[in-house]
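In what follows, chain A forms one complex with chain B and a second complex with chain C.
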Partner chain A sequence: MPKLTINGQAVEVPAGTNLIEAARKVGVEVPHYCYHPALSIAGQCRLCMVDIEKTPRPTIACNTPASDGMVVWTETDRVKETRKSIMEFHLINHPLDCPVCDQAGECWLQIYYMRYGLYDPRMRDEKVHKPKAVPLGPHVMLDAERCILCSRCVRFCDEVTGTGELGIFHRGDDSEIGLFPGKELVNKYSGNVVDICPVGALTDRDFRFAVRVWYLDSTASICPGCARGCNIEVHVNRRRPHHNEGRRVARLKPRFNADVNRWWICDDGRYGFTFVDDKTRLVAPSSREDGAVSDATWEEAIAAIVGALGRFAPAEIGVFASPKMANEDLWALRRVLEQCGIRRVAFRVPPPVPGDEDTLLIRSDKNPNSRGAELLGLDGDGAAILRAACVRQVKCLWVFGHDLLASAWDPAETDAALRALSLLIFIGTNSNATSERAQWVLPAAAWVEREGTYTNFEGRVQRFRQAVEPLGQALPEWDILGRVLQALGAEVGAPRAERWFRELTSGVPAFGGMSYQAIGDTGAVLNAPSAGQPRSEPASRTPLR
Partner chain B sequence: MRLLQRFYLVEVLSGLALTAAHFFRNMGLHLAHALGRKTARGAVTIQYPEERRPYSPRLRSLHRLVRREDGSPRCVACMMCETVCPARCIYIVAAEHPNPEIEKVPARFDIDLGKCVFCGYCVEACPEDAIRMDTGILEFSSYSRDGMIYTKEMLLALEPAGRDGRPTSPVPIPADRRP
Partner chain C sequence: MTAEKLLTRNFDRADSHTLRAYLETGGYTAWQKAQTLEPAAITEEVKQSNLRGLGGAGFPTGTKWSFVPKNHTGPVYLVINADEGEPGTFKDRYLLERDPHALIEGMLIAARAIRSPTGFVYIRGEYVEPWRRFSAAVGEAYDAGYLGRGFDVVVHRGAGAYICGEETGLISSLEGKKGWPKLKPPFPAIKGAFGAPTIVNNVETIAHVPHIINRGAAWFASLGTKTQGGTRMYSVSGRVTRPGVYEASVAITLRRIIEDLGGGVTGNGRLKAVVPGGSSAAILRADEIDVTADVDGLRNAGTMAGSAGVIVMDETVSIPEALMVVARFYAHESCGQCTPCRESTGWIYKMVRRIVEGRGQKDDLDTILDVARRGAGTTICAFYDGAVGPYISYIEKFRAEFEALIPK
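Here is the complex of A and B:
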């Protein structure tokens, strides 16, 4: 463990730690572009120069391992002068088109130039012109003029995804990032190159011109796209409703979590939020009688559900819980089921096409909370419930979010089962073929519109927070179920997600001792031994920002 | 106070006499002016709207959007004016420009003049000199709030004021007032 001094502060770091990471440990930021803790060291940008005593000239911090007795200074006049010169060099051919650049506001070139730049440029020559607005793939747009050739994107495609689509072509000031002939940036993690690009060279096609980044608000959340439960930030546009065609959620960005997703998320997760502001969203409770749909109030809807629960015998009621529901919702559902004595419950509905999976992040189970539903004992035989419905043993079906008609089950049989029902109740965020058949349709709040926790496949309980208000009259499922429970005469406390979670922790041993505070921003692991193997990633790595 | 002044009526009559003297003198002068004697000037009355006070060259009047040579807006929809606007009266929606060198163009550029405070920050903030407040137009009104929203097309059609500060383009008529 070498001991060194950075800006007068002593610090001890593991052997092999470079000076950028060592400085970060004492709270000193060394400006850099090409260095990324997840990627190999390139030493391209030369911005991370620091002064080391007894060395004749400033040295790049990214490629200098900390050694015992080193005395490092990061803010000497010589270092500042060097940074200024290097920034001037980076900007020789940079178009300075910040007003039209989507990166403006979160651009490291802007940030460091404001801090260390040479405000009076000396360059008088015509800039080198390169291709602008070139689509590299379905998600990424390249502006070669803005590129400072840090090669992060190239190293990402070589080292993280292993697909190697990108390279640096030509020489000298004609160098530019580009695709190898016949290739396209279509790997499942291509959106990450936009995140790691420190400048506006690679931008998101999905987010192009949608909202200026300074209008966005950020909320810590969890990706609901698969069982991995990648940590994300939800960026919402509340301040300028005329932007982004009125859609509130503008984009999702990965949030560093050393134990789950590190710096990355997959493209399916990144662009999988469109259902939140989709036209199919359910906004008010509605009932359907003889094909005529009429809006109802929540009181009427809850009364209808409670009436149905009383009208049918418990054995005649089937429930399809959803693994897309949070732990809090599932616990509230379990309490309703216990209150009524309903035993026919399932949550697994096999997708028509099995989900893809890889070794990096993507899991084949495309639901964020299957493990939570398992732990809460809601795992049953869904096909059996539908078979029972066909022979009228089940007369009332209560479906959460699923589209039973778009599953791996035979659509004709499912259709027959739904036809045989006396009552179908649907609770979900968006309408689908199943909700079209339901007599009662109740709107649920999407995950960005509410609080809750998901349990990922490794048994990590992670918390997502509310980023926007629920659309229309939509309510979180725990609130709907809490109202049902109250109407059934059970004791229900304050209508808060946290209260349901506290009740869950005392009811299910695996969750014992957890609290929203203990879960924090990075999640907490369940008490029971988990089914999946926990990944052994080094936890000491820290995020870039 | 003198005794006469304490009689209300006397003072009222002397006041009326003064007012009437000014009234008839000015009426005569204005009549003479109207009948062709241009040297005859009545009291400080400006025959608005035919006559106007001179405008200061730094007057902030109705906005206009500057055009490129081909008539398209110079604006690149960078949202700097929208961001700096303290009244939040500018609404821009960006779209792709066919020329990648320009890259961005406003698909929509509305100013809600019912909200605008005429601070001129939008003009200051613009990196492209695409918005100016030099039309000299001060009179715009509407029967509805919606009528105060001036669209990109209306703002693009405006010309700068003349050398004397007079508007050179007609006052744009909002859609709700068009015949």
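Here is the complex of A and C:
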């Protein structure tokens, strides 16, 4: 472990650590554009110059491994002058179109100019003109004039996805990022190039011109798109609702977690949030009688559910829990099932086509909490429940979120099962073909509208937090179920997700000792691997590249 | 002081490129001798000879060879830089065309010294005839059994980018990538072509090696100056009576190159300036040419021997126009990888052009000088420093000429 000093502070770092990372360790920022810890060293932007004693001139920090006894200075006059020069070089041909650039406000040209540039511009010649507003693929737009040719996007596609769509073409100041002939930026992680682009060259087509970034609020969350549970930030626009056609969630961004997703998320996850502000959102409890739908109050809805739970024998009630529900919801559901003695429960509904999977992040299980549902003992034979409904052994069906009619199960048989029911209760965020059949439909809050935890396929329990208010009268499932429990006469504490989680940790040994605080921003791993769980995913995780 | 000719000794024979002609003039005897020497002994001999790289950097050749890790187990590659792209330089094409076996024999010896099983010869794409001649010679050498017995030669044609003459740009290009120079460290001798230790030498440098082995390091060293041995081929161009390639001792002065070898200045007959080492070398005024044209002599004169491309300008030549041509070249050939070089070569060209076109502004000259100085030494390779040589020297030495073009 080499020991060195940076700006007079001693630091010891693992062998091979470069000077940017070593400096970070002592809280010193070395400005850079092309360096990214996940990518190979390019050394192209020349901004990360530092002074190393006994070295004749400033040296790039990204390509210099820390070595024993090294004495590094990052703020000498020479370094400051060099940075200023490099900033000028980066900006002479830049269009300076910040007022119409989506990157403005989170642009490293702006940030570093203000920190390290502040020179008077001397460029009075015609700038180099390059293609603008070039779609590279479904999600990414290129403005070649704004590009500083750091090559991060090129290296991302070469080294992380291995798809190699992008290259740098031409030479000198004609150089530009572009697609290889016949290629399109359609890999499953294409949105990440927007994140790693330090400037406004690559922008997100979904986010372009939607809202200025300084109006966004950020909340730490977890992607609900598959069993990986990638850590994300939810960026919401509450301050300028007119800027985004009423869409509250402006975008999702990956949040670094070394053990889960590192810097990345897939495009399906990144753009998978549209259901939150969709027209199909359920916003009030409603009941349907003889085809006529009428809104109801939560009191009426809860009373109807409790009534049904009493009216039907426990064996006549079937429940489809959802692996999209949080651990807290599933625990509350388990309490209800135990209270009523209901045994017919399942949570897996096979999708019509198997989910895609790869070795980077994407899991074929498109649910964030299958592992949690397993651990809470909600695994059962869903097809058997439907068969029982067909023969009227099950008369009341309670469905959380699923569209049973859009599953791999035979639609005719499912349809027959639903027709045979006396009562169908649906709780979910959005309407679907199954909810259209329900006599009672109760609106659930979407994941960004509430807090909770998911257990990913590796057994990591991770918290997601509330970013926006629930739409209409929607409530978290744990809240709905808590109200049911209370109406059933059970003891229910304060209506807070954390309380349900605490109860869960004492009820399920795998979660024993966990707390919201301990889970924090990066998650906590279950106590004992749940050996013996019949259909659990393998605990060994696919290494990230 | 037109010393004995080594490299160009056979150039007058019409069949000088054939194996027969090469053998008749003592060809491949050095290779026979080298096979009796230990690799380290060959390297040592080359070190003692004071042979310095003749492609441009002037690095001591034997020292470069000694950088190959001793205990390396995988392959080591010898790469010959025949990309000759430095404006004003046209010597290697003659060697490839007229004495290709000298390069092959030199490669055999160098490969033994660095224990390389494979040599790559990277030939500039525009050099069609040199490529044909050299390829034919490689065929002859295989047929005669010089090649293919422990050492193979691969001939690779470039596609016309100046930057592919930079040793690591050349390696990238050879590897099938865009010809971008690589970050150093690692240096090529540690990790070069295809990840293996690699020695990159210029054609002319390697063509000298058989002579060193045959006649000894001391003899070779005695041909030149204290710090550089042997002869080299000066490409003399511009306003001289007899432009062409001339072999001379590296101890020759610039004046003698221009007056004796080149036959004196044409145009109005009065010398204005000389670029002594290819376009990247700083320009010298007429009163600065009494210096030896070796690596250190020209370095002490504030310029460089570079590729020994001597570009002569008489008094009728416009220095601002000359700089515009040079600046356009560097703007066009910058690979675009490093920001300072990519952005400022284009910017400086625009400024110089504006001045030449009579649209200059008072502070343009100082801006050019400041930009050039700020960018110098900040890039991956030496390309930009090469461009800075002319930017600064043309303006500093002929400032009045530039100022005269700027409207008051």
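Please note the rule applied: the second predicted complex is superposed on the first by the 527 of 545 C-alpha atoms of A that agree within 3 Å, B and C clash if a C-alpha of one lies under 4 Å from a C-alpha of the other, contacts with A are read in each partner's own complex, and residues count from 1 in each chain.
Here, a residue touches a chain if its C-beta (ideal position, glycine included) is under 8 Å from a C-beta of that chain, and two chains touch if they have at least 3 such contacts.
Being a predicted model, the structure only gives us computed values, none of them experimental.
Contact with neither chain B nor chain C is seen for A:492 once the two complexes are overlaid on the shared chain. In the overlay built on the shared chain, the residue A:209 is in contact with chain B alone; chain C does not reach it. In the superposition on chain A, no contact is made by A:375 with either chain B or chain C.
In the superposed model, A:44 lies in contact with chain C only, and not with chain B.
Contacts of A:425 after superposition on the shared chain: neither chain B nor chain C is touched. When the two structures are aligned on the shared chain, A:242 is found in touch with chain B, with no touch to chain C. In the superposition on chain A, contact of A:305 is made with neither chain B nor chain C. In the superposition on chain A, A:170 makes contact with chain C only, while chain B stays out of contact range.
Which of chain B and chain C touches more residues of chain A: that partner is C. Shared interface residues of chain A (contacting chain B in one complex, chain C in the other): none.
Those residues of chain C whose C-beta lies close enough to touch chain A in the complex are 161, 163, 178, 183, 185, 331-340, 342-347, 350-351, 354, 361, 363, 367, 371, 374-375, 377-380. Listed in rising order, the residues of chain A touching chain B in the complex are 97, 99-100, 131-133, 208-209, 212, 214-215, 240, 242-243. Chain B contributes residues 76-80, 82-83, 91, 93-96, 100-104, 108, 127-128 to its touches with chain A in the complex. For chain A in complex with chain C, the residues that touch the partner chain are 41-47, 49, 57-58, 63, 81-82, 85-86, 88-90, 92-93, 122-126, 128, 148-149, 167-168, 170-175.
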